[in-house]
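Notes to accompany the following structure.
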Amino acid sequence: MLAHHSFTTTAELKGEHHMVPEVSRRQFMERFGITIGALGAGASSLLLPGTAQAQTPAPGPKPKGNIPDKPYKTGHMTFFTGPAAVLGEPSYKGHMLAAEEINAQGGLLGKRKIETLKADEAAGTDANVKELRRMKLSENIDCFTGVISSGNTPALGPVAEELKVLTLFDDGCTDFLFEKAVPNPHYVFRVTNIQSADGIMAALAASTAWPKITKIAHIHPDYSYGRNAFDHFNIAMKKLSGNIEVVSEAWPKLGTTEFTAHITKTISAKPDLLFCSVWGGDYVALYKQALKYDLYKKMKVATTLAFGVAPHALGKDHPEGIVAGVHANYHFLYPAGNKWPLNAQFVKKYYERWKEYPNFEAEGAYTSLYMLKMPVENANHLVGGWPEDDAIIAMLEGLMYESPAGYVYIRPDNHQGYKDAITGFAMQSKDYPFPIHDPKRVITVPIRSITAPPGYAKGEPTTTYKWIDETWPRVS
Amino acid sequence: MDTLLSQILNSLFYASILFLIACGLSLVYGVMRIVNMAHGNLYAFGAYVAAWTVGLVAGRLPDVNPVVLFVLLLAGALAAGAAGAVLEPTLLRPLYKRAEEYQLLMTFGLLLVLEDVMRLLWGPHPLTASVVSDALPSVSLLGLTYPGYNLFVIVIGGVAALALWAFVYRTRFGVMLRATSQDMRMASALGINVKRVYVQAFTIGCLMAGLGGAVVMPISGAVLGMGVDALVLAFVVVVIGGLGSLEGALVGALIVGFVRTLGIMYFAEVELAVLYLIAAIVLFVRPAGLFARA
Amino acid sequence: MTTVLLETRRLVKAFGANRAVDAVDFTVQAGELLALIGSNGAGKTTLVNLISGLLQADAGTIVFEGRDVTRQSIHERIEAGIARSFQLVNLFDQLTVADNVALTIFARQGKTPHLWTVAARDTVVADEAAQVLRQFGLASKAGMPAAGLSQGERKLLDVAVAYALKPKLLFLDEPTSGVSTREKAPIMDVVTSVVRQEHITAVVIEHDMDIVFRYSDRIVAMHQGAILAQGSPDEIRRNEQVTTTLIGSPPPA
Amino acid sequence: MTPAIRPRLLSRLEVGGGLLVAVALLAVPLVAAPFQTITVCYGLVFAIAALGFNLLLGYTGLLSFGHSAYFGVGAYVTAELVKYLGWTSMEAYVVAGIVASALVAALFGIVCVRYTRIFFGILTLALSQVLWSLALKLFWVTGGSDGLRVPTPTLLFGTLAPTKDKMDFLAYHYYYYVLVLFAAAVAVMWLIVHSPFGKALQAIRDNETRAEFVGVQVRKYRWIAFVVSGAFTGLAGTLWVPLNGLTTPDILYWQFSGRIVFFVVLGGFRTFWGPIVGALAYNYLETYAVGFTVYWQLVLGLVLVLLVLTLPQGLAGAVEALSRRLRGAPAVA
């Protein structure tokens, strides 16, 4: 068990294996590989549309063998209606951008044009399951992508396995998917970071920026995402700050846009920090109302998804200095500029195509399609002709891909994508009509530091939770 | 102390929005015996139209007097009222001779249609127009910071309640309305133009819903799905207060407003369930609601 | 020697300030065909509603065959043998004429809770229903939905449904209201002949004095919630109080 | 012994049509693609729920807007049996689903049947919402919004285990399993509505007061109908879970009740067969509306609006009226 983590403390050297080791805060940060602002500093101006050097991605190696020119059908399911459409629309746009680019080069392996069937995730789990079956059995899709809700991937994952349809989920990031719903995936992959990273990143950012906080207030949507954020934030904080105290909790229903009573309750508890995982239109309403109560003057604030919506959905009135989460995945200004040209190119192309900036859903959907393209090319290189699904899957397992958000690694054992997690601090900039991450204070953490490693014994509520509890040292 | 005052104001604020939604639902039921399931979406429609109108004007004329923006909120109410004036004669009137199930189903169909029409017109992103709420600065009293706009909404809720009461109990039209609600045939025999009373009642009901949407929009935004949520809340209010009763809508809104705040303050874990539980308890004890008239 | 089948003692029902039935002592003798008369609002229908259980009395008692039924449910009173028809026709419109009657027979036999038998296959009930319909002259309409009958036929079916309960006491609330004058006598002929044939005690609420005098054994006249007079048709015909209050003109010779 | 008093139990049209449909349903897995078979299978499951629902709407005259509750109970009970007891037998699920949904319906029914019309509808809706919020809240029991997984069960008392290819299993073995239960449900419901009890319900629907005055204990019978209706809908919920593989609070939300109402009205609630036709038709309509446009709500809403305006008798009602006109028989009011 101890072999899975990298801490070696005096206590452990003495053989006291059952004690939770203690380290200093600086040791902790160093060993976690947490970086603050290192790559993003001063790069924002490079990112205005038109300044980055956009390149067409180089076509892959010349395809081997005989490739049919029959279109490659993908089914992309995301929210087109309902409150979550604010995340669904960017997801669809990211997908379409990638499809258009690939098709401009003749399609996959230069022959197979990508054709997209779209489906509304808001139709409900029952209808979504039926729709996936219809797409595969009746429309013969070759690949299934999208899905935002963490209630839907556990429903659709097993169905995709049954249908033997190659699936790349862009989101729906619940730990539950690969821990319980599809414990031994073959056809199903997920590209974005796992949900538990959200709460942990917020805890790391908050305790790094404000080491003295002890009293915490919570506002979370009352469903599994909110609870996941609550649990992982708390367990991480317990290790990072020792004596934290939860002074207030509020659990508004998902879809609530009236938070006045939650805000008053939070203020009256006089916390040092508010941790909040409200997202989408709910979050927009929450921050606007909280401003009017001077909440931001009275406490620090950390969020998991403040910048989760498309950037332009937030206003110039958004408060500065708060931890503005991006689902631990991606913000369009990071990695910035020429430090990571892939992102600059992506942002520019996305902006030119859709006249707006991408969010993490857009990047996730865009990357998913490219993460299909690459294994197809690799497999073709090995065996020639159009590769079987199993060949593509073999190439996907263990794939390391350079995405706009950095390196993404697909772990072969659970098919989950891992990349360095990211969060940042909100600031208003004269360059954008909406708030962005303060480029000097972007926080990244190698994902291995905040998620349970392969083979770690499963636990409740998640394996990562148990892993943190058992193996993280406590900051003294 | 400041927390208490603040929470009382919050409860009143929430109650006044609830009242604006629920009174229309109750009025329409009282007069026409129709439970309008599309009511929540007319509330959402009011919010969208108000946000769109304010956004349009504030975008073109950045220095416009804030009073103008407040007046523009009325566009939401008027648009929802106009929608009601069109929908009643065209889609509901042909159904009065039929079993009441059909009226319910018609409005359920409208709920689905309106949901997508709003997405079609305004897209998936929330529309906000916080210029309106920003125009009223937060007020400081007794060491408490309270949003001025919320106070404005409380006043609007109170004024709406008074105006509606005066309208129903103090005007000639109100007399016709009440006569029709008590006995439609008798009213008709007495020479009241029931057709006209129906379309007017429905229009006023929708207008109130639209007004609710318009005044809540500057702080909550106009979001897809807000209508369905509002409908369920309005149901809870009228179930508690008694379907068809304006007093019931008012008392129900106050009860829900205060109980919800209490729930958030002291029983955060059950916030989601607490409203349904109150509704269920009222239904067990007094199934037709506190101000029942059925 | 007559026996009392039903009597009410100081029966009261008020609607607000209006005492619709005001301390009424009302008696029905076994075997008679009694007519209950009075102007609109005299309290006749309220009295029947109280006795049949549709309304609960504010005060007083109702005694049927020596048993106090004042607080019994409708269902219990039907079991005891009290049945009624309605002034405004009250049928099961979407059921067939035969089923309207058959349902009553099933209820009487305690078979309505049976979920596992096919109603139409119960020959005993079907035969009895057919018999009842023949008695009321409705046999040819048996397969038709009740909604499809003429007004006169509907009035007959309404009585037939109540009759199929085989009650000891049958209240008929204006069995000829709403039909043309020409149809009234034939309906009453059918109804009274069935009632007399089966020895059922019946109370008929009726406005048409011709009919009242022609068909009833005894008449009770009500006025403003109280009993004004009672007696044989001849006695009532001669009772000036009745003729002036209720009929408003001397009776035809 | 007037022959008219003994109407044929099934018209020639019904017998002929029924046989034709039975043959067609039996043949589906043999001739149709697996996807079509599974879609029909969903339709049959919903038809069972519709039959149960229509015992209240069509036969007793009560419009429930909370039948999601019983569907959900059937589904969740199954999932809990998997979670806590590790049961895999479909027969056990079916029994437990029927019993549990009947119990919940019995409890809710006590309150609901005291009211009719719109109050009945709102009461049922409110109670189903209570269950919905509990399913979300008691997440350590129900899985909250993630829901609970239900693996493909074994059939016929454990003798028929799911094959490796789940699609084939669902589109063949499970389809026939559902078909048999569907046939049983149809037979039982047909018997119920043609029984003296069924006649009593129709009498209550047509005329509550008069029903009371022929000795029908209206409230008690309504309650029994409510329980039977809930049990049918619960059975449908239980049969639905293996098809979906997961149960989430979605199916307890009031809009799912709206769906049940929708397909019964689509088929026509004035006839016995209408709800079955409606469930099958709605399932296709929704599947393809969701598949072909993101404006599926608009499509469904317009269909409902047009249906109410132009075809209030539903599909089955319209066909019946048409066939009656062709035969020159008089219309039934």
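Chains here go by letter, A, B, C and D, matching the order in which they are written, and residues are numbered from 1 within each.
The working rule: contacts are C-beta pairs under 8 Å (C-beta built on N, C-alpha and C of every residue); 3 or more make two chains touch, one makes a residue touch a chain.
All values derive from a computational prediction rather than experimental measurement.
> Which chains does chain A share as contact partners with chain D?
Common contact partners of chain A and chain D, which must touch each of the two, are B.
> From the centre of chain A, which chain's CA centre is farthest?
C
> Please report how many Å separate the Cα centroid of chain B from that of chain D, as a whole number.
34
> Using Cα averages as centroids, what's the distance between chain A and chain B in whole Å?
Chain centres of chain A and chain B, defined by C-alpha means, are spaced 38 Å apart.
> Can you give the whole-Å distance between the Cα centres of chain C and chain D?
Centre-to-centre distance between chain C and chain D: 42 Å.
> CA centre of chain A versus CA centre of chain C: separation in Å?
For chain A versus chain C, the centre distance works out to 78 Å.
> Find every residue in chain B that makes contact with two or more other chains and list them.
Where chain B meets two or more other chains at a single residue, that happens at 115-116, 119, 269, 272.
> Identify all positions of chain D at which a residue touches two or more other chains, and write them in rising order.
136-137, 255, 297
> Can you list the chain C residues in contact with two or more other chains?
Expected reply: no residues.
> What are the touching chain pairs in this one?
A-B, A-D, B-D, C-D
> For chain D, which residues count as touching chain A in their complex?
It comes out as residues 33-36, 38-39, 42, 136-137, 139, 144-147, 149, 165-167, 240, 243-246, 248, 250-251, 255-256, 286-287, 290-291, 294, 296-297.
> Residue numbers of chain C touching chain D in their complex, please.
52, 54, 74-75, 78-79, 83-84, 86, 90-96, 98-99, 102-104, 106-108, 111-122, 126-127, 129-130, 133-134, 139-140, 142-143, 145, 147-148, 161-162, 164-165
> Please name which positions on chain A make contact with chain D in the complex.
Against chain D, the touching part of chain A is residues 80-81, 117-120, 123-127, 129-131, 133-139, 150-151, 154-155, 158-159, 162-163, 174, 176, 180-181, 222-225, 227, 254.
> Which chain D residues qualify as touching chain B in the complex?
The touching residues are 57, 63, 65, 111, 114-115, 117-119, 121-123, 125-127, 129-130, 132-134, 136-137, 254-255, 258, 261-262, 265, 295, 297-298, 300-305, 307-309, 312.
> Report the residues of chain B in contact with chain A in the complex, numbered from low to high.
My answer: residues 2-3, 6-7, 10-11, 13-14, 17, 115-116, 119, 123-126, 128, 130, 133-134, 138, 145-147, 149-150, 216, 219-221, 223-226, 229, 260-261, 264-265, 268-269, 271-272.
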